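Got a structure for you, questions after.
Lettered A, B, C and D in written order, each chain numbered from 1.
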Amino acid sequence: MKNIKTIVLSNQEISPGYFRMKILAPDYSKTSQPGQFVMFRVQRSLPPLLRRPFGIFRVGFMPADCDNMPAKEFIEIIYKVVGSGTEIMQRLHQGDPVELLGPLGTGFDCGEPAEEKILVGGGIGLVPLYSLAEKLVETSRVRLLMGGRTRDDIITVTEFERLGVETYVSTEDGSLGEEGLVTQVLERKLDKYPKATVFACGPMPMIEAVQDICLSRGVSLQVSLEALMACGVGACLSCVVKGAGHTEIEPRYLCTCTSGPVFAAEKLDWSKTEVKMVKSGGCK
Amino acid sequence: MIKSDDNLLPPKLAVEIAGIKFKNPVMPASGTFGYGEEYAPYLDLNQLGAVVTKGLSLHPKAGNNTPRTCETVSGMLNAIGLQNVGVDAFIRDKMPFLEQFKTPVIVNFFGNTQDEYGEVAARLDDVPGVAALEMNISCPNVKHGGIVFGTDPKAAFAAVSLVRKRTTKPLIVKLTPNVTDIQITARAAEDAGADVLSLINTLTGMAVDVKTRKPRLANTIGGLSGPAIRPIAVRLVHQVVQAVQIPVIGIGGISRAMDALEFLIVGARAVQVGTANFVDPNAMAVIIAGLEEFCREEGIADINDLIGTLEL
Amino acid sequence: MIKSDDNLLPPKLAVEIAGIKFKNPVMPASGTFGYGEEYAPYLDLNQLGAVVTKGLSLHPKAGNNTPRTCETVSGMLNAIGLQNVGVDAFIRDKMPFLEQFKTPVIVNFFGNTQDEYGEVAARLDDVPGVAALEMNISCPNVKHGGIVFGTDPKAAFAAVSLVRKRTTKPLIVKLTPNVTDIQITARAAEDAGADVLSLINTLTGMAVDVKTRKPRLANTIGGLSGPAIRPIAVRLVHQVVQAVQIPVIGIGGISRAMDALEFLIVGARAVQVGTANFVDPNAMAVIIAGLEEFCREEGIADINDLIGTLEL
Amino acid sequence: MKNIKTIVLSNQEISPGYFRMKILAPDYSKTSQPGQFVMFRVQRSLPPLLRRPFGIFRVGFMPADCDNMPAKEFIEIIYKVVGSGTEIMQRLHQGDPVELLGPLGTGFDCGEPAEEKILVGGGIGLVPLYSLAEKLVETSRVRLLMGGRTRDDIITVTEFERLGVETYVSTEDGSLGEEGLVTQVLERKLDKYPKATVFACGPMPMIEAVQDICLSRGVSLQVSLEALMACGVGACLSCVVKGAGHTEIEPRYLCTCTSGPVFAAEKLDWSKTEVKMVKSGGCK
């Protein structure tokens, strides 16, 4: 974990409103774990003031530019354009200077090999699941349940399939895959594989529904959360979520940026309205 | 003013405030640098003038509900609610880490009553690694209808006087900018025995989500910090420097050496960097290097020769 | 709240304040729109809710030395020094132009003594085209050691009371944000007979040229305006709305419809746009169009249904 | 005079630190006068907040893109990179959206035909003199005395020569043309052509020296001034200069943006320290 001044290698729209950006990132293959994230500085000048957190989609290598140079290590992030920062990001080009602080946070615990692993991704929540899948497929059977509002929200499914992940797509409007919520699919899969471990990332209502399902079935669950972050390193205490056993008198706040973004479900306080810290989106 | 030369020694950046030697005038602002350890992977703490901790209270404090922060134009609002581990846990769990470094440690603290302030100060008094205390008076006085100590010169005077009695360490009083006449609170703190003043704490502000019609912070109102507030901070530091005899530390929207220089020129002896740490964990190192470069370019042999050189 | 439909009438933007009908809640902030004629080539003045003039005094005023303005991060400092042609020249030379339009004219004015305030108000009282007066109380009271009227609730009360006696026009009192508790001045102005409050005027600030070591403004201290100050302004308007019964006009850092909406949601009945006019002479037209679009999208038939709908 | 949303046509460095930008600007050939300026909005987002004033170097036409379209009218500005706004400007590319408010202000009075006309330009102060020269050469003999610190500050001289303007270059370090100040050259020229009219634009010390010379010789002088501007249209009263006869009791402030930027010398108050409003440069 360190801050590097680096450059954009490429930045392309992969689905309406979703972009995929490759950023030169030496050492990430050695240091980053599935589920970790970066604090991305969009540009040297304002705006935006604060960095933006993004999950690491994958780490890769590009051939070196010439014989005596090292291969170029990069990370990829995938982002949805939602506000002032991502609007500027979509206009970045190859060679533009940016800064990466990372890899940050606590990632997924891959658990025991050979178990059934079910990944549940909702829209952009799919991002941190790819590096996880890369690792899990080495030892386990992996299924991806991917949900979105419309087919535009279903991204990079082919890439999961290339890893050997069985993927099941559902959309709320039925424009791709099964019509309905991804949680319906999860229930069916868990009927079939009741001993599976579940890894989920997506919008809070989806995560809560997944948690209800897993809790009632006694299925082990890890969730990756989003929270409003200023520092990304545990210094500002902006990104807290309530941990299991939290009360007003004996508060148990956990920093999403250091204790998370991935949490074992049992570490969190799931009483409603507690974990929904970014429901209303960020500030414009 | 002695002119330095490129061939001569590097410009001297060290400053002395209330008997404490700082290797340079740059330190973090409380609450933006955790307990130091959070930024240690990114920045050599030995480079800094001082480390300033998150604000501590007598008992651990939970802080506010989320959302606690929100970006605004060239600034941010925060209503963290002073979440902290409490003074005892700090001394036990956090101080040992900080004592590894050669950098003076300034402990920021607060209370919701005069007595709480006094008690926290007393507990820190015999902790050897603590170089100075910074008393945050931007807190509501629960015994007096929640009026912020720092906005009521009498309450500020009383609280500072009490703390003064309970500590032998150099005492920095951190002023709130949300007042009509800051010179009055500044003098009240000085008269009550403060050794140093630091300012500004955040300006109270608010933002609304126009779709949900809700405030963007769970706490409705929060504190505005960042580059946006710098002109207000420079003005207030300028006014306080003119009102008191004791040294002043300048805070507010500093993200570059140029910004720090504005505060030094109006008379601050040191500066604190807050929000800029979030933007760039290396910000303070860049600022220190920038101060050195500026001195070199302008032929200033010792940064003390620059302090308070505003020409009116 | 009646929901409008795309097929139905366009949303109603008209608001009524102190008996004056404004076709929409958007008007310029004093001092950023000259006497109206300066922007007439770029913007149809008939589109605006009102025109608000540069601040007028009893006698013509020269203003400060230059430099008078300076850009800061997402804001600007100004110390124009209230240069103006004087109330009589205004009535003679500037009013005829403004009377050509169907838009209410609000005349901003100030004095350096209570009596000066009263005298200017009296001279404007029988000018037919003047819809309302806006009394700027952010001026030093030369009879009381130069303390700004608006920072001294007693002086504010006295001055507003006097002006109230000398005018039959609706009286808007424009508050300064540079106070510890704005609710106190707000209530003082209300009690003294103000029909409407407008806020905020600029926040005092300062910037330094680090090379020359001089303040960037000839006047050393100036007023900070622009997007940087918006969170402070929203907070103050929110607090004033809760403190008084009379209508409030929100001002401070508004450059987009979204910004104006924050003020309306916390309870302002109208907004004034200042610095943004310099950035884009068409800013107010864009804001008005944006308000209409927002109402349409959100199904709001009448903008009055949006005012004060903050959910806490 | 209006505000237009337009685009950059080209933006090139013509001398170290000096850029020349072509901006699509319909109608400027009909509306703009030599010596007028534009308020240029660097980008839609912050920073900078305020627009930046730039003199109009020239107005021109480019061939239409295809048969049934009108020829493209443009203006050119030439700017020196000095601070935050011009730093962003130098990175603008063809097609980037910008805004122009203009043409603004009061330009040069061309005076009687056939007189001797002497233009005095210091560094970037040369800019407004080109359109003036274009007009003057139609009827008069025109000489340009161009001064700068080093040869890097001597720009677009060839273009003046192509108009038929006799040009005389001087630099303080002697790296191009005569060594010394442009005012030395002016004195010599006025010895020869005592009835000339002088038009000057450049740094304030140069303008003051030119004024001294012209005043003592009774030569008619017009100067183009710079001032800190916020609005550019006479509304903010930021850009004032003291007019002739100004006193503390009876102040006579003139707006540089409306009464100027070009002033007949006799309209201004030349008592020292009065007109030097931007001596220390802008705010960073």
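The rule is short, and it goes like this: a contact is a pair of C-beta atoms (placed from the backbone, for glycine too) under 8 Å apart; a residue touches a chain by one contact, two chains touch by 3 or more.
Bear in mind that the values here come from a model prediction, so they are computed numbers and not experimental data.
By number of C-beta pairs in contact, C-D leads when C-D and A-D are compared. The chain with its CA mean position farthest from that of chain B is D. We define each chain's centre as the mean of its Cα atoms; on that basis chain C and chain D are separated by 36 Å. The mean-CA centres of chain A and chain C are about 46 angstrom from one another, to the nearest whole unit.
Taking each chain's centre as the mean of its C-alpha atoms, chain A lies 54 Å from chain D. Within chain D, contacts with two or more other chains are made by residues 46-47. Multi-chain contact residues, meaning those touching two or more other chains, occur in chain B at positions 72-75, 77, 207, 211-212, 214, 227, 258.
Interface of chain B with chain A (complex): residues 31-34, 38-39, 41-42, 54, 62-63, 66-78, 80, 83, 207, 209, 211-212, 214, 216, 226-227, 275, 277-282. Every residue of chain D that touches chain A in the complex is listed here, in rising order: 45-47, 88. Looking at the complex, you find that chain B touches chain C at residues 72-75, 77, 151, 178-181, 203-208, 210-215, 220-221, 224, 227-232, 234-235, 238, 253, 258, 261-262, 265-266, 294, 298, 309-312.
Of all residues in chain A, only 1-3, 41, 46-51, 99, 101, 227-228, 230-241, 248, 251, 253, 277-278, 280-283 touch chain B in the complex they form.
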